[in-house]
Amino acid sequence: MSLVLTEEQELLKETAAEFLREHAPVTHLREFRDREDAVGFSRKLWKEMAALGWAGIPFEETFGGAELGMAELGVVLEECGRNLAPYPFLSTVVMGGGVVAAGGTDAQKQAILPGVCEGETILALAFQETGRFSPYAISTKAEAGSDGFKLSGEKVFVLDGHVADHLIVAARTSGTAGERDGLTLFLVDPSGEGCEVIRTNTIDSRNTARVRLSGVAVETSAVLGEIGAGADLLDLAFDRATVAVSAELVGISTEVFERTVTYLKTREQFGVLIGTFQALKHRAAEMFCEVELSQAVVLDALRALDEDRPGASRLASAAKARCSDAASLVTCEGLQMHGGIGMTDEEEIGLFLKRAKVAELTLGDAAYHRDRFAQLTGF
Amino acid sequence: MSLVLTEEQELLKETAAEFLREHAPVTHLREFRDREDAVGFSRKLWKEMAALGWAGIPFEETFGGAELGMAELGVVLEECGRNLAPYPFLSTVVMGGGVVAAGGTDAQKQAILPGVCEGETILALAFQETGRFSPYAISTKAEAGSDGFKLSGEKVFVLDGHVADHLIVAARTSGTAGERDGLTLFLVDPSGEGCEVIRTNTIDSRNTARVRLSGVAVETSAVLGEIGAGADLLDLAFDRATVAVSAELVGISTEVFERTVTYLKTREQFGVLIGTFQALKHRAAEMFCEVELSQAVVLDALRALDEDRPGASRLASAAKARCSDAASLVTCEGLQMHGGIGMTDEEEIGLFLKRAKVAELTLGDAAYHRDRFAQLTGF
Amino acid sequence: MTTTESSLEAFRQELSEWLKTSCPASILKGADAKPSKADHEAWLAAVAERGYTTPNWPKEYGGGGLSKEETKVLQQEVARAASYMPIVSFFGTAMLGPVLLEFGNEEQKLEHLPKIARGEINWCQGYSEPGSGSDLASLQTRAVREGDQFLINGSKIWTTGANHADWIFCLVRTDTDVPKHDGISFILFDLHQPGVTISPIQLISGQSDFCQVFFEDVKAEARNLVGPLNGGWTIAKRLLQHERQMLSAAPASGDDATSRPKKGASTKPKAPKSALAETARGYLGDQNERLAEPALRDRIAQYELDSLCFGLTLKRSGQQAKAGQGPGAATSMFKLYASELNKRRSEILMSVRGTDGLGWSGDTYTPIDLMETRGWLRSKGNSIEGGTSEVQLNVIAKRVLGLPD
Amino acid sequence: MTTTESSLEAFRQELSEWLKTSCPASILKGADAKPSKADHEAWLAAVAERGYTTPNWPKEYGGGGLSKEETKVLQQEVARAASYMPIVSFFGTAMLGPVLLEFGNEEQKLEHLPKIARGEINWCQGYSEPGSGSDLASLQTRAVREGDQFLINGSKIWTTGANHADWIFCLVRTDTDVPKHDGISFILFDLHQPGVTISPIQLISGQSDFCQVFFEDVKAEARNLVGPLNGGWTIAKRLLQHERQMLSAAPASGDDATSRPKKGASTKPKAPKSALAETARGYLGDQNERLAEPALRDRIAQYELDSLCFGLTLKRSGQQAKAGQGPGAATSMFKLYASELNKRRSEILMSVRGTDGLGWSGDTYTPIDLMETRGWLRSKGNSIEGGTSEVQLNVIAKRVLGLPD
């Protein structure tokens, strides 16, 4: 079990750090926010990232992918966290692309994955129906007809749903909300009749959508994976996305922690550097521990997914719980230690705090994952 | 709603502080512990306290009591906490005496309370059956016969049970463990046949007992209160004892806090007083807040019981939760700040830590009472 | 001033008559229509004419000259008759006013207090500077005497409402050659003059309740120096006390059922409510008649419990002060605890609302959700403004616990 | 020293032969009877003769002279054949030994190391003093040169096992006129001599694993001064590092199922276990197939989760060091976190066991309950011994984060 980066991964990390620092630093996000950009990120830049191979990291070479794993995606996502780069890795590469790669037919893969790898195609997985993450609490109905299905229901918090070329909708072909069985995934054209995609504006200046499905007709060929066994694909997507968002949280924590330590070394009050105050030193040292623990567990969880280890789901929950709490601590402490200036929109700490909160609540918060961790540990 | 002491209460506080400081300081407890005294406290001193009116605080004058309330008992118990005085207020005055006063017949009261007020009679309420406090989880059976009942079962953690003149045993005349109905209280002679009282040794150097009842025969006149309605009396006793033990916890917290602040002002390391270290200052200031909150809620909870306010039970739980957590924080921090010396048996901090833990776990810990508080607040 | 029962009753009568004639119909309690702007101004004028905007200030300075008891009667009678009491700028009535009454000279009181009472002048407070946050006394804004005036250069930050203010009361450095606390003065000046630039500061919550204010050769009349030259720090500390006290209110707690004995109430009283728990119930629902998520329930219980205890601590401290039983807990503790409680409450609400609480704007989120989310972001400033939590902890350690420097 | 595969195999063969002839039958794996004292001593002698009690020390000092790989083979072979490996005093092998190898002169190595390896001398460590806890360098025990000896006066505290020790390695002050770190020396001397008084210290847990040791004109031979006169602080720091590392082991965590990919395992693997949760289950039972008390379940989950993450952090740091990727996280962090985790675990166990966990002695409590309770009390010292948590935080802030003094 290796918890250090390979040479190739180190190289990827350096490339990602350099590229994002140059092309998508925090000011980049702010720009898109301030001009109320309809997309929320640069499609051009996304294609450049794709050209660097990032959008295709986990996919087969046949489809233009790099055939690498979560470990490599994690490296890139950590750097995204450090820069608050608002790019559709979670929605398109990890969740949408992951589901197509794992459950799609050859035709479906061929139709979708090359576009994903090129940075042309954006995917969005539409599953959540209330404000609280609960994997199988899905009521959206898929009624079977002679030549396909009709989907009806409403989805919230669909990441990057506002610009998705394909929606992947989780709906019930049988059973009731809360049951694991009876879920089926469908590829849905967001511009199709009866499908309404409403962009929503979140505090992290990224975009999610609310999706209303009013009897949206899809053909049988739109089914992704087996009918009624959609939860298998969802579970996979959730575990991977959980760790991916944890990696982003590690990037956020590490960045804010480093900035805060730097601030402690430069800001003067009472005629001395505030970093000389022991109470702040101790709190900084405690943050350091939390950040270290986050980094370690994410590295292992990423590898556990790549190795398909039996305990991977449990590690995924451990990672999400640890990283959410660490990021919450570090962003709040970071803001507090920056004092009044930390409260201003001009200072970037607040933007990290906002993104950390969104990431914390994406796919289940720390309490949710602690509970799941306990369950997977047998208590 | 007054949260300051009346003149009379102030006077009582001073008397108690002075008396206990002189006659029952921490060294007094240590003496009884070191010589493995069979009683664990001085019966003579208990009679002296009774002569000062303390054992009779809540009882009617008819029986030799002072006809005062929980507010006054709280004042004395806080001073007991400050001195770790191991006297049977909880067992005899609050719980045993309280149950007799509230539910006893005139004959029962006349038979028992005068002895309590004089410091002659020790009572013990035997209810708990497992290590975890759960008010109605009582299996001990009381089988009705022609001329009375036969009691069978086993009780643990019976406070001062080792020297009790009367045991008050909660047993089931109907229903099953966990049900509120069907409980009945009985006055039991601990030296009677089939009654085995085994002294147990707890970390706070006080004494509790395990009581085994093997078909102990009692007459109908031994029933305390109504048959099957024992839970009414127990509830009363638990609420009062919960607040009483909270008052003792406030005494412990206040004392350890003050001692720790003094230590910070006298202990030198690195050529300076350790009280100059900002990290310790901040932690001390945080402790101060916790102690203040504990004091305030206990004052109000004591008065709520005396005034029979509708929200008294909820306040009792608030007090126990707050005071348990505060005492745990303050004793642990106090020990830590005393460094190695705090770990020695010679230093008294450890004795406070041990008593605080026992008091914390007596009648439900902080988590239990937080949950009860939530329930009584409607969620 | 003491007031007998009978004179109080007479006062109440007289007030009642006055209200009948002076309070516009649209402002009377139970009125249907919304009051017009003119009615509002008439009502303010009527109240201010009698000095009732600042009821316990002396009459000669535009106040009502009322005793404590009379003030209470005034509040009761107005509450009984009118739908609201007009209020004037808080910075004038609650901050500058008391300072002028304590430290100002007669001329200053006569000039400024009546205008405050009548709501003619909006005041703001020039305290913090970009380089002087927690270390307020290190402030650098210079005031140099030139004839009858001071020439002011520098910048203030975190100036609440400066963009709506007319005048500022301001801490300035009038001596640079002495220890920092000894070279500060307290001065008043008009913001409507050349050289004053006011820039609202946008906060992370999107609000702009603060400004940064820049002074370039701005003029203050020497007669508007309050207290002695270089004696401003004493006034500054007094004002900080005022501020801390105002920031120490206990945040909304569940109920006060425990504080009001209800005679003749049934033995099983209705359970008191927790607003937080009720909100949570709306999002999470119940399970076995309890709030569904136990870990969150525990956090809410801890919050409500601490909030209850904190409220009792505030009450107790007030009673101790009244009973002369020492100072009770320090106001620093109140400021500290109130801030941290409010932050905790906001964090719990974020957990409760899940992704519904992540909205920034737009009508896909409910207005309440949006407001709470902005409130959560804004709450992060609670432990910074009015003295950081760290400063409060320092003060408790030093002043209350007497720990050495 | 490098070792080829084939020579390793030869070594393994040779070991296997040696074990057959040297390990007493009663100590062989699977033996029925308990080994006698004589068998134990014979086994120790056999192992010590080859220097295998300290396998990677040089042979000339009583060690085994083995390479890392050979040491591993030794451990494997002994584990395969024998029921245990004899161990000798930890303070000798793990603390003093490495220091002598690094800082001692040839004479000292030849005199002391073989005795340590053979388990002839029990060592203890004289570091802390009553007035010098966290501020170790302020130690006052004086050593004054008199001819070929030093005369030692003073007192050491928290000396583990002094009451069973033969010799002590000790920090003493040899110069009082220089900054405190510059006047300290590291010296070895015999405890079996007049003027040495050893008093065990009773802890709050009832145990006495520490002593206070008093020296009154105690003699140390000058040739037993290790390193230069007044150069003891360098050695002290090195030893503190060793100690901190040893105190940083991750406390018992639930399982390591996550770290071992099981080929061909069923897709629904058996859930890993948490020892803490299993204990809790015994006391609390289940509700809806989950541990009955949700708040406690959450605390246990948090503990197991942190413990898992901490274990991974330790592993990662080791791998980083090996890969030369910087120092990784500081040992201070490991000491700090391991202590706090163990304290937390003990507190959870107290909550779980309720009043069953309050016993001090007597047979009304189970031996396990009594042991856990004493363990809880003892755990409070974890964050004090070997450098307090506060000291670790200081070190992290200074050394790792580079925060200014």
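As written, the chain order gives the labels A, B, C and D, with residue 1 at the start of each chain.
By our rule, contacts are C-beta pairs under 8 Å (C-beta built on N, C-alpha and C of every residue); 3 or more make two chains touch, one makes a residue touch a chain.
Remember, it's a predicted structure, so these values are computed and weren't measured experimentally.
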| item | value |
| --- | --- |
| Farthest-lying chain, centroid of Cα atoms versus that of subunit B | A |
| A-D or B-D - the one linked by more C-beta pairs in contact | A-D |
| Approximate Å spacing (C-alpha centroids) for the pair subunit B, subunit D | 42 |
| Subunit A and subunit B, separation of their C-alpha mean positions in angstrom | 53 |
| Euclidean distance of C-alpha centroids - subunit B vs subunit C, Å | 43 |
| Residues of subunit A touching at least two other chains | 277-279, 281-282, 367, 370-371 |
| Residue list for subunit D, restricted to those that touch at least two other chains | 295, 298, 390, 393 |
| Residues of subunit A touching subunit B in the complex | 277-279, 281-282 |
| Residue ranges of subunit B touching subunit C (in the complex, touch as defined) | 1-4, 261, 264-265, 273, 275-276, 278, 281-282, 284-286, 288-289, 292-297, 299-300, 304, 307-312, 314-315, 318, 321-322, 367, 370-371, 373-379 |
| Touching residues on subunit C, where the partner in the complex is subunit D | 294-295, 298 |
| Subunit A to subunit C touching residues, read off their complex | 128, 130-133, 156-157, 198-205, 210, 268-271, 277, 279-280, 332, 335-336, 339-340, 342-346, 350-351, 353-354, 357-358, 361-362, 365, 367, 370-371 |
| Contact footprint of subunit A on subunit C as seen in their complex | 128, 131-135, 138, 157-158, 201-204, 206, 283-284, 293, 295-296, 350-351, 353-362, 364-365, 373, 377, 380-381, 383-385, 388-390, 393 |
